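Labels for the chains are A, B, C and D, by order of writing; each one numbers its residues from 1.
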Amino acid sequence: MQFFFEVLIGGLLAGVMYSLVALGFVLIYKASGVFNFAQGAMVFLAALTFVGLQEKFGLPLWGAFPLTLGVMVLLGIGIERVVLRPLVNQPQITLFMATIGLAFFLEGVAQLVWGTEVRRLDLGLQDEPIESVMERFNLLISKFDLVAALVAGLLVAVLAVFFNKTRIGRALRAVADDHQAALAVGIPLKQIWAIVWSVAGFVALVAGLLWGARNGVQFALTFVALKALPVLILGGFESVLGAIVGGLIIGASEKLAEVYLPSLMSDFLLKHYDISINLAGIEGWFAYMLALVFLLVRPEGLFGERHIDRV
Amino acid sequence: MLYRESGQFKTSYAADQQLFPILQDRIGVLTLLAVALVAVPLLASDYWLTAILIPFLVFALAALGLNILTGYAGQLSLGTAAFMAVGAFAAYNFQLRIPGIPILVSFALGGLTSAAVGVLFGLPSLRIKGFYLAVATLAAQFFIPWLLVKVSWFSNNSSSGVITAQPVEILGFVFDTPVRKYLFVLVVVAVMALAAKNMVRSAIGRAWMAVRDMDVAAEVIGIRIMQTKLIAFAVSSFYCGVAGALYAYAYLGSVEPDGFNLDLSFRILFMIIIGGVGSIMGSFLGAAFITLLPIFLDIVLTDGAIWLGLNLPSGTTSMAQLVVFGALIIFFLIVEPLGLARLWQIAKEKLRLWPFPH
Amino acid sequence: MEHEHNTGRRIGGTFLSVENISLAFGGVKALTDISFDVREHEIRAIIGPNGAGKSSMLNCINGVYRPQQGTIRFDGQAFQQMDPHKAASMGIARTFQNIALFKGMSVLDNMMTGRSLKMHTNLFLQALYVGPNRREELEHRQKVEHIIDFLQIESVRKTPVGRLPYGVQKRVELGRALAAEPRLLLLDEPMAGMNIEEKQDMCRFILDVNDEFGTTIVLIEHDMGVVMDVSDRVVVLDYGKKIGDGTPAEVRANQAVIDAYLGVAH
Amino acid sequence: MSTQTGPAVAGPEETFPRLLLAHAQSRGDRTAIREKDLGIWLSWTWKQVADEVRAIACGLSALGFRRGQTVAIIGDNRPRLYWTMMAVQALGGIAVPLYQDAIASEMLFVLENAEIEIAVVEDQEQVDKMLEILPKYPRLRHIIYDDPRGMRNYPDQVLLAFEALQTSGREYDKSHPTHFQTEVDKGRGDDIAVMLYTSGTTGNPKGVCQTHSALIAVSRGDIAFDGFSADDEILSYLPMAWVGDHLFSYAQALVAGFCVNCPESSETVMTDLREIGPTYYFAPPRVFENLLTQVMIRMEDAAPFKRRLFHHFMGVARRCGAALLDGRGASVSAGDRFNYWLGNLLVYGPLRNVLGMSRIRVAYTGGAAIGPDLFDFYRSIGINLKQLYGQTETAVYVCKQPSGEVKLDTVGKPLPGVQIRIADNGEVQVRTPGMLKEYYKRPDATAESISPDGWFLTGDAGYFDEDGHLKIIDRAKDVGRLDSGTLFAPQYIENKLKFFPHIKEAVAFGHGRDRCCVFINIDLGSVGNWAERRGIAYSGYTDLAQKDEVYALVKECVESVNADLAKDPQLGGSQIHRFLVLHKELDADDGELTRTRKVRRGFIAERYQQLVDALYGGATHCEIEAQVKFEDGRTGMIRADVKIREARTFPAETAQRKAA
């Protein structure tokens, strides 16, 4: 049971990271209706740029961060200019494919500039159990994970305030509801998009730092973005809350499945069919299958709105 | 300009609806086929055959499959490679486990197996659209190679799921040299391309496009949406499955499940985006483009570096490839969303109307 | 352009009846307890101000929307909820208010889709394009060509529909519906956005369709002149409720209709 | 009085129905006629056509149609209507094709005049006209229609579907198996085959009666002249009631046995032309002109490179295209020949192809003057466009330009069997195998048009040039003389001026005066465009018309006409000495033009007497005030100071010769 909790908590904490990436998706999706497949590439690019700046110029943490942020903001504006603006009013699927192209482009550029080797990213946080928790609950919880979770939580809170309280945030929501109407009432769509992409760049940077610090900065980071897809399907594409909850669910269930399912299935197969197979590595697809099943049951996601096709 | 159509009139619907109604097109296609069947085997080197022409044809077939699903029926898929894997492994197992089965039959069965799997993963398309569907196909993309690795029965208990294709033999004739393999692939691909062309100009093709363009209207006119989409998944996966089998049997010889990865799926998706969504010819143009581009880039970068006296770090070419692919995708989507096929079509229109611009 | 219906028109018994239909989206009521009937071979108009629920009504008849209450009786069969495919196979075809053509296809192909229900060869034969499939394609092409001739769109038959002017697209959409050889034709504002000449053409086509093929027609139209000229009987909707039903002359004299509709329009 | 005679052709004792049966017999499986319908070219062989015609003929007999009676044929060019003509003729009847766009009241006259009891019409549109006529003309017993669309609920006493006619015909044929052949055998060459109504400028139309022999003889002549054969293809798209179509798509087709193609609809003629690619083509000048305008407009939209390519090779074509076409290649330099070959590959060939003219061996135009640019354009890109001259009354069999001897200004040489003489007043008079038999029931008109010694009086003025080509200059009644006695052909001069795109209308004066002077109307669109490109600001027509730059522009045109005239032995003396640009556009509403946009010279001379006087009085400008009608019906005055300019004249090349 204790092991179960450890796995669960580990999964939830990993889920927070998924949420963080998914958040970037939701932001952009809400404002421009684009499913940004390149979010993963942006995470990768952010982390790599950060490490690269640190290594190359020996910048400290607080020095590299704003610089990288600057790069990400410029990138956001650039994407809006070069990719999004010419594709305005195109079908969603076209935009989606464009972001796939964008993902390739960013991955290529990042590695051309900073090289292809795996980098270590040190945020000064140790990936070690928190002793007090260890002692009191006898649970293994990483200090790093906890901090990451806190950062993610903070970010979500900030974004929630940003969305609900600020003028730009309200404009954003108006844009999400109806582009034409937003244009009609004089909301500067292009600026809004640039802002959103910049904010998404910021979220990508934070996610990149946390993921990079934990797993090393490498190409595999881009796959994290792929994981965000099922998260969004669970949570709904337009819901910040959904991104969080979806991330937690995916994170937790994935870990639990990875730990328990293969042995269960193997045992089952061995017992009933006398087949001996090692089924480890479920993590690779479990989230997608879960999302797939979920899609069939509730296509609009947990927090999404059901759309009626008007004819 | 090259088209001189005056005087080509049709006195029957059969003539009007033939595959290539314009005389000059018929001449062109026949010439192309003659070149591919006669001149290429005589002139092309083994390198050209094995490293360029065979993969080009195999990828063209896979792109054709994806194009049927995405271009014609409007259902996005990111799992093309997985369906190819199913085809390859199924064909392998049919060959392996049914003694004496003709190779073409096991290819067909491989395709059918892939079609069945395709339908299974296409089921969600009945409820969801667009990139939601991409997730369903991504599930296939991650699940199937995993399954093929983990269940070693599929690879006849080889380590990490590697299979080695049996020799291709038809009626005692062994397709073992590059030229022979090339001809084998060429014939299979040509026949299947013809079949695809026939489908898209028949009722099913119109149903696919109707569902793609305006599903409510399609339903109202009496097209069964569900059936139409599932047939698209089945046919598409069949094509991808056969392409997968060719990939294993005629191109690489031995393959492992992890070779059919997301990257391959993306490559094929890029082929149809660049080549032309919703065009049979586009599949070929895209496949040619994506097959040739890395080779071209490699030459340019390597020679360029030597010429400039630079020492490029390893992996530069593959990174440059990513950048160029990505940029090209965005470029095409913005400038010509219907790809090279559309450019060709425009050029053809121009030639037909020459000297008029429109 | 007063149309005379006296000669040889054979208006039959009740063909379609809509009984107590209510439809709501979420909490919003689109239709409340609507009943009316359509007789065989007649032209029945549905009119009403914007948002009166006219399109929703058509969508209920051919099953695009599922009403919460009521019955649709068509050709002797009763349905709580119609299904679009069932409707099509029973001979109901329609056009849409905002043209719903298949943009990527030619005029000919668009119209060929209208014959989907009548084409039966299997996939394999289609892939080979031989034998029965080829014959079928050619036969149906000929059928469709008659409609092209009927609607006088010969000069654009191979043009992608996206390139056509609006009025012609409307005609093509009518052609696609006609290709299905429907017994009941639902037309959702067939003349919306047309100039006078195009409207006259469309009027003539509608009357000719009714005349030549005996097709029963239910149409939604805004232009009162057209409605008065073309239709045998008129249903008037307002805010999802029926407020009038009768011959054009009766409806024109109906005070409730004048208040709700004519008064607003003029 | 000069007479020129070509070799004669004999008119054999033959009829069109016999020709049809001969084709069905000897080459029954060859395609006789095609019609684009329902998206494809439906084809009928000669044998099939003979069968159809037989059924129609027997059907007409069943309706009581008898030898010598008339049948009206109204509609677009449809195979069934052509067959009806054959069927009517097989029974010894007279086919009367009517212009399909005529209104009911116009048709009524023809129906009454020709005593028509049966009308075979295309569709509802024509049926409606017939039904409108019916109460006033109850003699019309049967209206037979080809296309039943829209007529399901029409009262059916007089209406009969074409299919029903043929069905009853087939039954009649069964019970009277020898009837058809007997009737065909009764036919004589000098039976009237067809009556073609010509709309004179005044009065009611007259029915021109043409016999089988005459039409067959002229067809033979034409076929021999241009070497037509059974392999030729023609697109019939001009009204069936017009003599040209009757001759090309009916008479010549039946004689030569070539294939006639009927377009799908009037909107698709250009597409259908392109698909068929006829080898033999006729169009009035305005069709060629519209085509050329379209070519130029479309080329304007082309990319700069393509446009330059086009203009470069059009330049080459202008230089040597016509010479190469006429087989005078020896006079062309090798460089130009290569250039032309290249141009043919890149421009002319594709252009002919997109125009549907790549297979054309012979194309004709006629009926109106054709501009030099227009004519040269087609000839220079290798289309053998030629002019012909003739009337309904002569079955268009008077003059044609022989291949290789094409001159813009003439209508060619007399055809075999044709005699031409020029009367003292300059009128062209002809004797031709295609001479009409008579005007139907109009002995007065017949006597007026045919001289007692058997010459047809064309009413056109013209003369033969030194090569023996006939040159038509004007209507005979309009031709005048200057004081000096020099021939003055106002329309000829006006047409020459109007060929310039900048000049919309021109009015020439000179009869009974010492020299020729003209009024000019500039083309606001064309000159306006020209002015804008040069940055010349103007407020409207009147303002633009009086700009010095515009006068300079017009002067160039006038002088180039003068240069042309100077080369003419007869008209060299009537060069334009002075001109002015009118301050207002001539307008039919003001009575200055006829409704068909012909200038009313007399009226204008009277109305602008002041200006005419100024022209001849030597003034350099003239103040004028004129009343105009505005579009909204109000009238107002325009006041202007009209400038008058001199134009350079050229010494006439040949000594003036008194017209013989």
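We take it that contacts are C-beta pairs under 8 Å (C-beta built on N, C-alpha and C of every residue); 3 or more make two chains touch, one makes a residue touch a chain.
Worth saying up front: this structure is predicted, and the values here are computed from it rather than measured.
*Asks:* Out of curiosity, which chains are bumping into both chain B and chain D?
*Replies:* Expected: C.
*Asks:* Look at all chain centres (mean of CA atoms) and spot the one farthest from the centre of chain A.
*Replies:* For chain A, the chain whose C-alpha mean is farthest off is D.
*Asks:* How many Å are there between the centre of chain A and the centre of chain D, using C-alpha atoms for each centre?
*Replies:* Computed value for the inter-centroid distance: 77 Å.
*Asks:* Give, as an integer number of Å, the spacing between the C-alpha centres of chain C and chain B.
*Replies:* 41
*Asks:* Could you work out how far the Cα centre of chain C sits from that of chain D, in whole Å?
*Replies:* Result: the chain centres lie 47 Å from each other.
*Asks:* Hey, how far is the Cα centre of chain A from the one of chain B, in Å?
*Replies:* 32
*Asks:* Tell me, which residues of chain C touch at least two other chains?
*Replies:* Correct list: 64, 96, 141-142.
*Asks:* Mark out which residues of chain A touch at least two other chains, giving numbers and ranges.
*Replies:* Answer for chain A, listing residues that touch two or more other chains: 311.
*Asks:* Where in chain B do residues touch two or more other chains at once?
*Replies:* Residues 13, 16, 216 of chain B touch two or more partner chains.
*Asks:* Okay, in this complex, where on chain B does chain C touch?
*Replies:* Spelled out, the residues of chain B in touch with chain C are 13-14, 16-17, 19, 195-196, 198-199, 201-207, 209-210, 212-214, 216-224, 231, 235, 278.
*Asks:* Which part of chain D faces chain B closely enough to touch in the complex?
*Replies:* Checking each residue of chain D against chain B gives 34, 39-43, 274-277, 295, 298-299, 301-303, 306, 309-310, 346-347, 349-354, 356-359.
*Asks:* In their shared complex, at which residues does chain C touch chain D?
*Replies:* 7-9, 108, 141-142, 145-146, 148-150, 152, 154-155, 157, 208, 211-212
*Asks:* In the complex, go through chain C and note every residue touching chain B.
*Replies:* 62, 64, 84-85, 87-89, 93-94, 96, 100-105, 109, 112-114, 116-117, 119, 121, 123, 126-129, 133-134, 136-138, 141-142, 176-177, 180
*Asks:* Quick check: in the complex, which residue numbers of chain A touch chain B?
*Replies:* That would be residues 35, 82-83, 86-87, 90, 92-94, 96-98, 100-109, 111-112, 115-116, 226, 229-230, 233, 277-282, 284-285, 288-289, 291-292, 295-296, 299, 309, 311 of chain A.
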